[in-house]
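Take a look at the structures below.
Two complexes come next, and they have one chain in common, subunit A, joined by subunit B in the first and subunit C in the second.
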Partner chain A sequence: MAKITFITTENERITLESTSGSVMQLAVDNDVKGIDGNCGGVCSCATCHVHVAEDFMPKVGPAGEIEMDMLEFEDGFDDFSRLCCQIEISEELDGLVLKVAQ
Partner chain B sequence: MSQQTTADKVCVVIGASHGGVNFAFALRREGWEGSIIIYDSDPELPYHRPPLSKAYLASDDSLDQHLLRSAASYEKENIKLRLGVKVEKIERSAKAVILNNTKQQRYDKLVLATGARPLLPPIEGIEANAKVLYLRNASDAAGIRAALAASKQKNVAVIGGGYIGLEAAASLNKLGASITLFECEDRLLSRVTAPAVSDFFHKLHTQKGVNILTNKRVDAIRSADETQTIVCNDGTQYLADFVVIGVGIRLNLELALAAKLETGDGIIVNPQAQTNDSDIYAIGDCTYHYNPHYDRHMRLESVQNAVDQGKIAAQNIMGKAVAYDALPWFWSDQYDIKLQMVGLSQGYDEVLVRREANADSSFSVWYFKGTQLLAVDAINFAKAYVLGTRFIKAGTQVDKAKLVDPSEAFKPQNLALSEA
Partner chain C sequence: MNKSEFPDPFEQARLEKGIAEMNDQDDPVKMVLRLRDLRKTAHNYKNFTSAAVPGRIVVPSEVNIRKTRQIPFELDPPVHTDYRAAVEPWFKRPLEEPYQAKLKLIIEELLDQMISLDRVEVVNEFALPLQSRALTLLLNVPYEEANLWISWGTHVFRSEGEALDGAKANILYDYIDAQIDNAIANPGDDLYSVLLAKEINGQKLTREEVKGVLVLTFAGGRDTVINAITNSIAYFAEHPASMARLQEEPEIIKPAIEELIRYFAPLTHMGRVVKAGTEICEHAIKADSRVSLCWASANRDASVFENPHEVVLDRKINPHVSFGFSHHNCLGATHARQIMRILLELLPQKLKAIQIHNAQENIESLGEFKRKVGFDRLEVSFTGHD
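On to the complex of A and B.
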């Protein structure tokens, strides 16, 4: 079980629990504002951009190649940017905090 | 409509796909307190449609892996799903829908997200032939999987060289099928892309072993024993165990027509996604709507349009005067190639191809009308898709000479002439 906290652009904190699946699907299933996941998680739409809390970056890991291409010219892109459809939930991510991108 | 007044109201949605489902959640988020009921004749919990010709078709994934939302999320937001229920009629004067179990449900607001169904081309022998399959619903995809599993030779004929046909060919190829693809135009994807993209996909599929036949019109399909004979207008014949047809769609307009809503090439809606009946909205593939980016009315078959119109309808029902102003985008996955498209290329007078140095299968195609960038197709090069989106939205003029020069850095500052 991993507890994952989303901080929306309106500064709402939403903490959710799950054991598997993508972080995007968890957010969509719980209507986290700003995470749309329109392409269903195939890294095609960039509607699930989040910023990973710095201390969790080693556990979450960097963006993949296509993902990085999708992110690089996005507004608000930084070293902690990820598309959360590409982050798989595991116990290791318990306590993860993600800021939904603007 | 203020929040205080919606508690005893009923919003009925017809169609539980990308448009209808995203609308329902958006309406709840916007503050609708009354009932939300979604009807669909499809019995499955609402699912993503794009994977049906891609990952879902090419694997033994269960549909649960491709749901739009979990079952619990509908309960949490009190959105009632009435699946396997067909809406037979809309009674506008009574503000009610009549269901196939003869019951009726009144509505205060009604949203038509009725989508489309596969177009049946004028090919002799396709009706009442169980070996001729189409691809629109989850059950269609499951049927194609089952047909391949049951076929002895694994010979499959695919009719139609658009996205559905090509994606189905790629997925079935992955499953070991031997495929012949019939396209009546002189190139693949002729309706939607420039020749450079058509050529690329023609070569890709050929390399993977798909037999692509262009300028090939199928006249008839004759069924005998376990074999289908595909008869073309040039007299040639081909054999297959089964046939998949993907030649476009027919809109589901029957309910709107019977209710005398204004229709043209789709249900006509205003920029608020509203029909000529102020209590009835329409969203997604079935709508004929205005797009301000291209200053014309159009119909779009895409997830983007369904989702964005759903959000617009929800906001307007809740009293926010918001107009549809979305830039169209699409994607297609075939083998290990990702094609991403932004904008609409119709009306282009110049096509520029940018090939990336040291990457054979990464390139982008840029469609211009004069200096105006209309659309970008990005093949295994998501950066071009993202940058194209940014340039089109901002009306940025592109430095065409730099664009086609692979030694020029692919950076916004370097490729932009001016921000409009």
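On to the complex of A and C.
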């Protein structure tokens, strides 16, 4: 079980729990504002852009090449940007904090 | 060749040059063929504008048949940003459950009717009615309104010969004008009335702006949706195991929608007008010339997609651009994706098999290229479960 906290652009904190699946799906299933996941998680829409808390970056890992190609055109893109459809939930991510980009 | 095969005519030009040129009514277009170049160009609205003379960014150009600016499509940021934000919530309504339930009824009723017939011509008897009836939900107008739209045929700007047809376009514009008049006299909860009441930065939308949103909604979602539906039917007719798999593994429906849309690329390309002379992929691009973002080519770019010419229904990473890219990504995509989702759920539930009897391909001419984008006619039999 991993507890994952989303901080929206309106500074609302939403903490959710799950064991598997993508972080995007968890957010969409719980109506986290700013995570739309329009493409269902295949890395084609960039509507699930988040900033990963710095201390979790080693566990989450950097964006892959194709994901990076999408992210570099997004507003607010930085070293901690990820598309959360590409982050798989695991025990290791327990305590993860993500800032929703838009 | 299989009927559901959609060849990529751009491959050689994409690999060798990255750019191709086509003429269009004496206003030539340089087509951007590689995904990475296309994304950069689409994102750079400051030099590749959408806010040109109305109709000029469309290929074939509509400058001779349209004066109304399509909104928010033919605007650039920051003006575009405000207009897009104003209309976006309305176009997200397809995510709501009551909307989806009504859409399911529309598709279910049509499929049942098709099963009862010996033969069906998919473009005119299935895809066009489906698209038109679904559009009544997007506009929030009575279901019966679809009958008139169906009578207009598959393309609102083109007659049978595929050439741009000003008289036909006027039918649409006159219709929208009359609907706006109705909404002014009797405001309701339809898209016309909602737009007429909308304010952006304290200013009400003008009548011409309301018309611009409606023209975009009617034109942008017509042959694109019809192609996506018809081509999907052709695909599942020739791949029955894939149709059955949708029912056995419903988790692949979402990636399957994206993959079919990638492979078919229902809209081949969309233009921009160049503000200052520049280079794309080491080719000189002149000021005030046109470029097009060739979604269909970029979707087959082997430097990004593995086995780009194959339909891989559960493709995990699929950064296709069939819904465009960046600020101008398709406003109707939420609606289109819901149509596809419900169709892909219902097809294996309702049908045992689809058999193709006759097919007449719709081939676009784009300079040196000929691209199959869909069908003019697709005659099939739908066989239901016993």
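Note that in this section the second predicted complex is superposed on the first by the 102 of 102 C-alpha atoms of A that agree within 3 Å, B and C clash if a C-alpha of one lies under 4 Å from a C-alpha of the other, contacts with A are read in each partner's own complex, and residues count from 1 in each chain.
The rule is simple: a contact is a pair of C-beta atoms (placed from the backbone, for glycine too) under 8 Å apart; a residue touches a chain by one contact, two chains touch by 3 or more.
Keep in mind that what you see is a predicted model, and the values were worked out from it rather than measured.
On the superposed subunit A, the positions of subunit B and subunit C overlap enough to count as a clash. Of the two partner chains placed around the shared chain by superposition, subunit B and subunit C are both touched by A:40. By the touch criterion defined above, A:30 lies against subunit B but remains apart from subunit C after alignment on the C-alpha atoms of chain A. Looking at the shared chain after the overlay, A:17 reaches neither subunit B nor subunit C. Ranking subunit B and subunit C by residues of subunit A touched puts B first. Shared-chain residue A:69: touches subunit B and subunit C both. When the two complexes are superposed via chain A, 8-16 is the only one of 8-16, 152-160 or 170-178 in subunit C with C-alpha atoms clashing against subunit B.
Under the contact criterion defined above, the residues of subunit A that touch both subunit B in one complex and subunit C in the other are 38-40, 42-45, 66, 69-70, 73. Across the complex, subunit A is touched by residues 36, 39, 43, 254-255, 257-258, 262, 304, 315-321, 323, 325-326, 329, 333-334, 337 of subunit C.
Across the interface of their complex, subunit B is touched by residues 25, 28-31, 33, 36, 38-40, 42-46, 66, 69-70, 72-74 of subunit A.
Here subunit A touches subunit C in the complex through residues 38-45, 64, 66-67, 69-70, 73, going by the rule given at the top.
Put simply, subunit B touches subunit A in their complex at residues 18, 25, 28-29, 48, 50-51, 54-55, 66, 69-70, 72-73, 76-77, 303-304, 307, 329, 331, 333, 338, 340, 381-383, 385-387, 390, 412.
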